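Quick heads-up: structures coming right below.
Two complexes follow with chain A in common, the first pairing it with chain B and the second with chain C.
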Partner chain A sequence: MPRSRPNLLERQRRRLVVPFLLPALVLYALFMLYPAVTTFYVALTKWDGVNAPEWAGAANFTRLTEDSLFSSTITHTIVFTVLGALVLFPGAMFFGYVTQRMRLGRVYRFLILAPVALSVTTAALLWKFLVDPNFGAVQSVLRAIGLDSLASVELLGRPSTAMLMVVLATVWHGIGLWMMFFAAAAERVPAELKEAATLDGASSFQVFRHVVWPLMWEVTRTLLILWMIQGLQTFAFIIAMTNGGPLRATEVIGTYLYKVAFASSEFGYAAAIAVVLFAAILVLTLLSQRLTRRESEQY
Partner chain B sequence: MKTRSLLRATAVATAVMLSLSACITGSDSGDEPETESTGGGDASGGAAAEITGPLEVVSFYPEGSPDFDRLSGLAEEFESRHPGVDVTLTFGGGQDVPQIEARWRAGDPPDVNYGFLDASVPDGGPWVSAGQVLPLDDPMQQPLEGYDGSWEDAILPGVRPLLSVDDTIYSAPESVTTLQFFYNAALFAENGIEAPQTFEDLVAAADTLKAAGVAPFTVTGTFLPYLQMYWDYLALRHIGLEGLQQAIAGEVELASLPGAAEAAADLERLTSGGYFLDGFRGVDFTSAQMSFFQGDAAMILMGSWLIGEMSAAIPEGFEVGTFAFPTVDGGSGDQDGLFGGTNGQIVAKDGENPDAAVAWLQFVAEPENQTAYVQNTGGISAYTGIAAPEGFEDVTAMLEDGAAFAPSYMGILALSQEVQNAYQQPIAQLFFGEIDGATMLSQMSDGLQSAAG
Partner chain C sequence: MTTPTATPPAVAAAPPPAPSPPRRRPPVRPGRMLSHLALVSYCLTSVSAFVWCVMVSLKTNPEFFSSSPWSLPQDPQFGNYAEAWNGAQISRFFLNSLYVTVTSVGVSLLFAVMAAYVLARVDFPGKSVVRLVFLSGLMMPAFLVIVPLYFLLRNLGLLGSLHGLVLVYIATQIPFSIYLLSSFFQSLPKELEEAACMDGASPTRTFFSVVLPQVSPAVASVALLNTLTIWNEFFFALVFLTDPQQQTIPVGLLGLSVNAQYSANWVQLFAGLVITMIPMLILFAFAQDRIARGVSVGALKG
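Showing the complex of A and B:
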């Protein structure tokens, strides 16, 4: 069926929208589209950041397939993202749900949210000094309670523990926000549904597991995707706490990209890494949106 | 109508693409710098002229630090000497270096820039090759106030080679940094230890300290260049600078060089001897330095900036001694060579005021300002005739004599990630007890060859 042509008034209304949208479109084009298009172009060149770029075609992408350092950063990035999700989501859900039911819930929420106000660098340095083997508070406490063998573990100096520490610091810093999202979602669940389940003899956990959580699924799903994007882009905590070490155990795509660009001045290659990261995030986001789709519960 | 829209869209797209290309290649446009000299181009080394206008100088340390305050004092004095000049100090050290580099890329560089733009690496880095760094050959041949000869003659002979690229001088030093051992003089005296002269002396001293319950060395395991220093020095002593540079460039196989196996074996002696402070793998460099000044470890291999950097944390009465990295018996390398840097300052050709920038560098080099620098910071002057700070008399004398002066960390921090990984990771693995010295050498050698393609 042929689409009907908008009438004159409708067309004039549409034209009227353009001048209002224009400033935002110009800013978007300048600060989002232009850098993105430039990155794609630079990825196809050999560029030291100073002299004119030389056209390199797909050479940077071919090099990526042979770069063992890059492939190890993919593994580490995935480990960070998965480990982070495993720590963050149960924690945020727990605090979000429990503080909603506690008498001083708002106070606890404020305390859990407080670290968000710290800059990432400050939070990272705080953790770094907390677990310092010579002067750190964690080690002092462990020694004070007689756990000397645990106190001698260099938490940021061992490949087996460094990633976990970075994940813990990242989650500690940001969990307050995620908790608030979950708390807001839990609050939207009608009280009568929870009361009905309680009257039917469900425990608090069962109420959460079978009533609250299913009704929060859409929020959980969105937050999972957001975390995945954040996890794949992780940079600041790692650069400040471990700089990718020890023995490259925490080298992720973000830190590797930074070093390739700003330490080695290989901007073309770094742009190729950025393009691959962008593509990976795009594909994984679409994939996870599709895989986690469920029929939404109506209430 | 449709055709017109299509044409309009094509025109817009073409304009966007052209502006993109212009922005990307803008750094190559070669625009002439604007200067505000009122008396002609003095940056070329001509007669002294009146200088006016703004001058932006990059400081390695941030506002509020003692060194920033020192520079602020110099800026005030410079302004009073040149009433038309207005000096602005901009922090551009550490993690802020990329911001300064971004300004260079955008065509808005500060006038005087700290030595982090690779102007002193052998190929001069991209800034020199792009013609964005002002050559200082002409002013370097002019007499410098307070010294007998020219500006170039006033600079320590050991430092001069690090200022040039292909026989053209591009940077002027303010100070010198050297890498050497610092030791706790009280702990050494208590245990009857003299400053070690040879590697065998060093191991013997470490054994004595360890037996007395004192950790001989402290080091950070989280900053690889500081672990690397031990290997660099042993390789310098056993192999020599030239061979090591060729191996890093992939021109020769490191493992096949005379002295390489001995250097690796000596490093293994240190790392497997239990000489390093417990927990070193997880401490950062500030913590490692603190543990030295707290008396938890007797020695630290560190840059000459250590005392100035940690001055606020050094306990009263703490006595520090220094000694150059010991020589090795039978080594075929440089026994008196030093690692260090020059803090070379470069002038941006496209800066607002290159004449004032050159005048600033000459002003900073004047004997009274150099002497004040040494007295206030404990740093080493890059100029002849300036008294060395206490504890650095020997290394300063070595630089006066023109000893081999190798760039800190072998200059690999500006090389590709493949090279850095090939060079540093085996060293870290040896320190962490995961491999032995021979494996470290073969991994490093193979890795460097592979990185060179």
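Showing the complex of A and C:
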């Protein structure tokens, strides 16, 4: 009776559904879904974490619009994201593209990618100490090449340079992965196109600009949104390198939320910040999905 | 990643028995030289940052402050490492990180593989809802869950304990693991499972002895990615682990760096930094391709 064969398998498998699904579902529901949903409720309350939460309606959200500290953290977050994109994208694109057909390409890629394996704290502290005005190695290099005025600057102690330093450390840590994304995208460009252009006498930059880039732009757009989502959540490098200082010049949304919750015990207000942050991430995610869908329709 | 080295130009592939053999490599162009120059200087900076860290870790504290940052240690102090490992509790952080990573990656992977299998292979009512619920976890930032999660752990008596952190880590890894694994299950042929079923194997048995071996490469990739993520996780660990005895490496190191500012025992901190770098760099050296491939799949399709 060959017909009953798939039915038997199907019936047997159905018995797996509950025991196989339940462990993952329970843990996920309890430690992610439940807290995520509860945040929306907490955001509508005033709560010090000791007494019961008091219903506050939209008060936390109106307070957000008036909180100048919050709006400055938004500015800093945007500055971080834009500065980061300006350093990261050209760098990663360049590394990903030029290491493709090089003899030493694999060696270069390994060295560029290796910092990813370090923990964020290790990477952040390494750069924090490298630019330390008292014992930093960067300062002595600057002095050696005659840039004494720059060497005496406390790079992490000045509002004007601190954010740039955090951005550079963040990019140094993660650029290898973005290099791999771009390398993967560039490999999808048909080799014949590049060869035809090269035979016609185009320089490698011209090949990149006129053949590879138009095809890579689609991927770059998606990656830019991915970077924005990450930029909105930047946290560890700032805590480890500046802790939001000097004079709150590097305070971003994430570090502000952390301090509002766990230093000032204003949990309702912190939850409201989390809701706003989530909304921004949601918009960016939907945007990227729309872009990729349209992209796949074209092919 | 395919090796970028072995792609000769198409011209060289054609067999031209001409008197002057075609040139295999293009002449050195200024653009190429500049590329090499940029790559070499960037990589040199990275490597020297690491070398500097190792050199400092072998100095004495007075030497660290008096000598030039780039000078070699006069008398390498390997004792700094022993001191960091025992005295500064790096060993403690290390074991904590190891425990948290191994248990949470292992357990979450087991649960995720089981759930992904059912989601990919079995039809049951409400399946699309369940899948959506899991996938929604992909866009939940840690910030969204942190406040209620903190109180949940406190009420369960798990705040400050590594076990609580393990539970949270298991949950956070589940959506991404299910997402990657279920697409992999869908690409597997069904014949082997049907044959096992005909031979009278129970579905559980079929799963563990027929299905799992087939997906082990994918499971290994996911395990590697999750290991990297959890080993380096900072935010949850910072919020939940308040007791220095119960901290993982990323948070513990931060505490050490704050202490070093008061005790001025910098060399010990640097030895600690180097100790935490070594195992991940070794793991990375062996698994570079797999990590890079897995990450790009996760990012580009997600």
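Keep this in mind: the second predicted complex is superposed on the first by the 250 of 299 C-alpha atoms of A that agree within 3 Å, B and C clash if a C-alpha of one lies under 4 Å from a C-alpha of the other, contacts with A are read in each partner's own complex, and residues count from 1 in each chain.
To be clear about the criterion, contacts are C-beta pairs under 8 Å (C-beta built on N, C-alpha and C of every residue); 3 or more make two chains touch, one makes a residue touch a chain.
Fair warning: this is a prediction, and the values are worked out from it, not measured in the lab.
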item	value
Touching partner for A:Arg106 - first (chain B), second (chain C), both, neither	second
Contacts of A:Tyr34 with chain B and chain C, given as first, second, both or neither	both
Touching partner for A:Val87 - first (chain B), second (chain C), both, neither	neither
First, second, both or neither for A:Val50, with chain B first and chain C second	first
Contacts of A:Ile225 with chain B and chain C, given as first, second, both or neither	neither
Chain B versus chain C as contact partner of A:Phe262, first or second or both or neither	both
More chain A residues in contact - chain B or chain C	C
Chain B versus chain C as contact partner of A:Leu247, first or second or both or neither	first
Intersection of chain A interface sets (partners chain B, chain C)	34, 38, 42, 49, 128-129, 134-135, 262
Of all residues in chain C, those that touch chain A in their complex	1-5, 7, 9-11, 29, 31-32, 35-36, 38-39, 42-43, 46-50, 52-53, 64-65, 68-70, 108, 111-112, 114-115, 117-119, 121-124, 130, 133-134, 136-137, 139-152, 167-168, 170-172, 174-175, 178, 193-194, 197-198, 202-204, 207, 228, 231-232, 234-235, 238-239, 249-251, 253-254, 257, 266, 269-270, 273, 276-277, 280-281, 283-285, 288, 291-292, 295-296, 299-300
Sites on chain A touched by chain C in the complex	5-6, 8-10, 12-17, 20-21, 23-25, 27-36, 38-39, 42, 49, 94-95, 98-106, 108, 110-122, 125-130, 134-137, 139-141, 172, 177, 180-181, 183-185, 187, 191-192, 195, 198-199, 203-205, 219, 222-223, 226, 232-233, 235-236, 239-240, 254, 257-258, 261-262, 267, 270-271, 273-275, 277-278, 281-282, 285
Chain B-touching residues of chain A, taken from the complex the two chains share	34, 37-38, 41-42, 48-53, 67, 69, 128-129, 131-135, 152, 154-158, 242-243, 245-248, 256, 259-260, 262-266
In the complex, chain B residues that touch chain A	20, 23-25, 27-28, 97-98, 101, 104-105, 125-127, 129-130, 132, 221-224, 277-284, 287-288, 290-291, 296, 413-418, 420-421, 425, 428-429, 432, 434
